[in-house]
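Given below, in the form of structure tokens, are the structures.
Across the two complexes that follow, subunit A remains constant while its partner is subunit B and subsequently subunit C.
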Partner chain A sequence: MKQRAIVLLTVLLIAGFDLARAAGRTGLQVPKTVEAGNAFTISTNATVKAALYIVSPAQVLRRDVQPGASVVLAEGDLHNAGHYLALLVTPSSTEKAEFDVVASSQTTAVSFLAKPSRLPVNLPEGISGVAYVFDTFHNLVLKPGPVTFQLSDAGGAAQTRNVATRNGVAWVKMNSAPKAGPAQFQVDTGGVANRRVVQQVPGDPCNLRMSAKRSGERVVLETEPVRDCSGNAVSDGTVITFTQTYNGRSEATVDVPLKRDVARTELPAREGSVISVATGVVMGNEIRMGDVR
Partner chain B sequence: MKADQRRFGKPLLLAVCVFATLMLAGSEQPAVQVDPEAGGPRSLEAQTRAAVVRDYLQAWKSLSGALQENRTDLLDGSFVGTAKEKLTDTVREQQALGMMMHYRDLSHDLKIVFYSPEGLSIQLLDTVQYEVQVIDHDRVQATQHLSTRYVAVLTPTEVRWKVRVFQAQPESVTGQRSEP
Partner chain C sequence: MSGRLLALTIVVVTAVLITVGTLWPIQSASAMAGTGPTSLNGSSGSASPQAAAQSLLQLISRRNWGAAYASLANKSEFSEAEFVRDLTGSYTSLRSYATLEGFDLSPLRAASEEAQFQASLNWSSVVGTFQDVRTLRVIKAGERWQVAWPINREAKIPPQVIPVNYLRWDVIYRGAEDDWGAQDVESPHVRIVAMHPVDRGGGTVILGELMNEDVVPAFVNVKATLLGKDGSSIATEDSFEKICHVLLPKQVTPFRIDFRNVRLSQVDNVRIEPSSILAAASADPVIGVESQKLNPLPQPSLSGQLVNQSGQVVNITHVLGTFYDNRGQIIWVSDQYANRALLPQTPVAFAVSYPADLADKINNYRVVTSTFTVGRFQ
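Showing the complex of A and B:
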């Protein structure tokens, strides 16, 4: 009899404890995934006053919850993408749920890095473009989406590449154009565009040639217009070196910057000497004094 | 003399225990695993990989300190740009609510998925196990173990790599490699 009474008392205690816990139980229901900035509702069915916490490194919110009420998070309340922990805390219980806030699928900003800003013409895969895609709340849009890169040179010719983002980033490598001048490098995704200017400069000189003309005791040396292998005029200021040798020994060296595509200088007209022209690693022609009139 | 021992002995023992616990807790390092494969397109040198991983893990320490002490200045050494702005906002939200969070990273499974052609940004994915303790007005409301995947973009600064984008990514979000 005594044993039965103890068992009955124990059962009643357990049931009472469960009932007490049930009284504080709230039924926290959170959507598994929410789009950043969208309004949504968290239902709690709380029977007592509670506090709702929504926490992550990206954002923190706290809301007071009235018995029986749901919590409405208005548009823009939760706008940073992240993995969130929701806590519903009553005096007697704590309920937990996890959910994700994902970036809006609509792109509103693209961070575009084009390198280099200046490069020689005709360089295969010389220009790189990297685009990071963001939504209106500066969340990286991780869902794959199409991105178009276009490189248009000064003459209007364009190269276009379509790629898909992966983890919010897309990239390309493109060739520089044969024609020197500023090129427009543009990235376009979801109606959002960003543009950079890439300066394409002439390459190394090609076919460097000079002519000589005797003028009394001096010889006047002048190059032909200096151009790269694609026919672009090499930049003014490029140094052209004239060297005079006699019996294999260097007699004179003159560095002359290009001015209006040509370099001009004078050297002593010593019979039997040899004059050569060069720029960088490019060698031009040689002239032997004696042949010059 | 014995009375003095009794009077000071227990608090001293307690202090030693607390100090030892704090030291042990402070020395706890997260388990770190790094996938040897790199996503390219730029080739990744071992030294660069080591620096990126070291600076990313340091960023977690900075984040944890900033959100535990509600100090935005602790973010300066490891974060820039959007990541820094968002974490700064979180610290301010916590301050306004009288809350603190204690984040403790337990393990990182890292994979470098993108190293930009010009070397100015690097992206990694981190499946991280961590613990968060939610403290409201000095009262611990809950402690929860969480697992999630973070995507982080780091950029080089004068002396270290800093985190520019730091965002949790649901497992369902996947994509194809972007290749020209």
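Showing the complex of A and C:
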């Protein structure tokens, strides 16, 4: 009997406390997750006038709350994805609730980093592309989604890779094409595309060769069209160095830029001298002056 | 007490030096100051051969071309304009803005009617000094002496049209309104292809070569930091003018960085930082370097001729010489500016000096040039 009385008293005590707390409570109810930019309602059941604060690292909102009314947040009011804190402040109490604003699943923008902007042809995995997927409010879309990268060279050939985003980012490495020229590097996701231009430039010259022809006291030197190992014409302006040596010592030098694929110059026609051609660290052929007619 | 003594000593020594300088001035100083015994009434000549030569050089130093020309014995051989062009250049060059800061006269021979002097004219320009050596013949005309000027007529280019396949690069950078992901144009890729630190004259000199391995022109510089044994930085310098700053694709330039107050023994490591930025540039003009040869002591130099193979006048030419030993290692880099403009197909002599103690070690050399043309960027 005594035990029953103790249990009953305890139950009444707990219920009493709960009722007493309920009398001053405002009933702040927020959805656990909200999509960025969407409208939603926060019900409060406040019995007195209160102020509702919504706080995130990027945004702070304040709304006045009438007793018993709910607070409606219009479309676009909360647009920064992140973790939010709602605080309902009355003269006698403060109640809080937490919720998350998540990015819209609709992709509306993609930022695309393509590196480098210029590289030699035939370089395996030489081009990197990184895509950042954003929603309307520039929140990174963290939900995995498909991204297509396409690299089209000047000749029309294309490499395509399909990659899924991870935490809003997708990336690939691609090979530079064997053909020189501007390549279109495009990323496509959810109907949104972005494009960069990657200049694929000729590599080091291959088989650098020159010919010589006497012209009175001078010898006219001209290279064959200078090409890289893939057959691309080496960029005009590339310096070709002609060096004339006599008894092993340099006697004349001239740095000539390529124009229309060939370099041409004149040097004194000294018998017994040797003329060599080079560009950068690539050596070409040698001509002995006695052999030139 | 010692302070007063010092002050008194300085005053006395200064007074003595002023007196000595006034009574027995050196020839070029008195001539430059215009206080020497030489007469300035150019056309009438001077009382002695030396005075006539000094007077002429003094007038040249004051750029008093009219009086200098009037004082000459061989005026009939050339006009005043030709005389002025000989001294200042026909086209804009270092000479155009140089001033004669001094001269030395050495008698070569003397007779009753004629004397000869070697005149070393020391010109001062924005990139340093250069010397012009002339042999002056002084002739007696009546009672007076007059200089016969050894005119050096610059070649004239005949009027003509020279077709040029003009190749140049221009650069478009990213704009402020571009998306943050839009890449900018890549800086040119450059590479150090040789580097050699040497101990020289109580300091450290970093010698090396830099190559533009890209397909676009680059404006380059090289910075070096000497690191001590504890890894700390001792000194930092850059190549300044001892480099060819604008490099076309695959072009190689030597560079030299001087640390005058750091011994090589103090240095444990050298950090080299080449830098490059895209530069609007032109592939012209092409300068051939011909007739190169090493000149022996006492004034060791690498001399040759610069030949402008393009169709435009080159106003300033910077010549950089790289010297290698028999293992192909760089042992010195030096430079010089041509003081005359380079006219198309007209050879202009140059001489790049090198330290006398390296004369036996130099096995080969390489000369590169960089040019500047008035009215055109690069």
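We adopt the following convention: the second predicted complex is superposed on the first by the 272 of 293 C-alpha atoms of A that agree within 3 Å, B and C clash if a C-alpha of one lies under 4 Å from a C-alpha of the other, contacts with A are read in each partner's own complex, and residues count from 1 in each chain.
Just so it is clear, contacts are C-beta pairs under 8 Å (C-beta built on N, C-alpha and C of every residue); 3 or more make two chains touch, one makes a residue touch a chain.
Small disclaimer: the values here were computed from a predicted structure and weren't measured.
Chemist: Just from the overlay, do subunit B and subunit C fit on subunit A, or is there a clash?
Modeler: In the superposition, subunit B and subunit C stay clear of each other.
Chemist: First (subunit B), second (subunit C), both or neither: which does A:D236 touch?
Modeler: Only subunit C is touched by A:D236; subunit B is not.
Chemist: Once the shared chain is lined up, is A:K115 touching subunit B (first), subunit C (second), both, or neither of them?
Modeler: Touch status of A:K115: both partners.
Chemist: On the chain A superposition, what angle, as a multiple of 10 degrees, is formed at subunit A by the C-alpha centres of subunit B and subunit C?
Modeler: Roughly 100 degrees separate the directions to subunit B and subunit C.
Chemist: In the superposed arrangement, does A:L140 touch subunit B (first), subunit C (second), both or neither?
Modeler: The answer is first: A:L140 touches subunit B but not subunit C.
Chemist: Quick one: classify A:W171 as touching subunit B (first), subunit C (second), both or neither.
Modeler: A:W171 sits against subunit B, while subunit C stays out of touch.
Chemist: Among the partners subunit B and subunit C, which is in contact with a greater number of residues of subunit A?
Modeler: After superposing on chain A, more of subunit A is contacted by B.
Chemist: Now for A:Y132: first (subunit B), second (subunit C), both, or neither, which partner does it touch?
Modeler: both
Chemist: Applying the touch criterion given at the start, work out whether A:N45 contacts subunit B, subunit C, both or neither, answering first, second, both or neither.
Modeler: neither
Chemist: May I ask you to decide whether A:R161 touches subunit B, subunit C, both, or neither, giving the answer as first, second, both or neither?
Modeler: In the superposed model, A:R161 contacts subunit B only, not subunit C.
Chemist: Counting only touches as set out at the top, which of subunit B and subunit C does A:E98 meet: first, second, both, neither?
Modeler: A:E98: touches subunit B, not subunit C.
Chemist: Could you grab the smallest C-alpha gap between subunit B and subunit C in the overlay, to the nearest Å?
Modeler: Least C-alpha distance after superposition: 8 Å.
Chemist: Would you mind listing the overlap between the subunit B footprint and the subunit C footprint on subunit A?
Modeler: 113, 115-116, 132
Chemist: Provide the residue numbers of subunit C that touch subunit A in the complex, in ascending order.
Modeler: Interface residues on the subunit C side: 165, 167, 169, 179-186, 193, 211, 213-217, 248-252, 283-284, 286-294, 304, 309, 363-368.
Chemist: Looking at the complex, which residues from subunit A come into contact with subunit C?
Modeler: 111-118, 132, 194, 196, 201-202, 235-241, 243, 248-257, 259-260, 265-268, 279-281
Chemist: Which subunit A residues qualify as touching subunit B in the complex?
Modeler: Touch residues, subunit A against subunit B: 33, 51, 53, 55-62, 80-83, 85, 87, 89, 94, 96, 98, 100, 102-103, 113, 115-116, 128, 130, 132, 134, 138-140, 142-144, 147, 149, 161, 163-174.
Chemist: Per the contact definition, I'd like the list of subunit B residues that touch subunit A in the complex.
Modeler: 41, 63, 67, 82, 85-87, 89-90, 93-94, 97, 99, 101, 103, 113-114, 116-118, 120-121, 123, 125, 132, 134, 136, 141-142, 144, 146, 148, 151, 153, 165-170, 172-180
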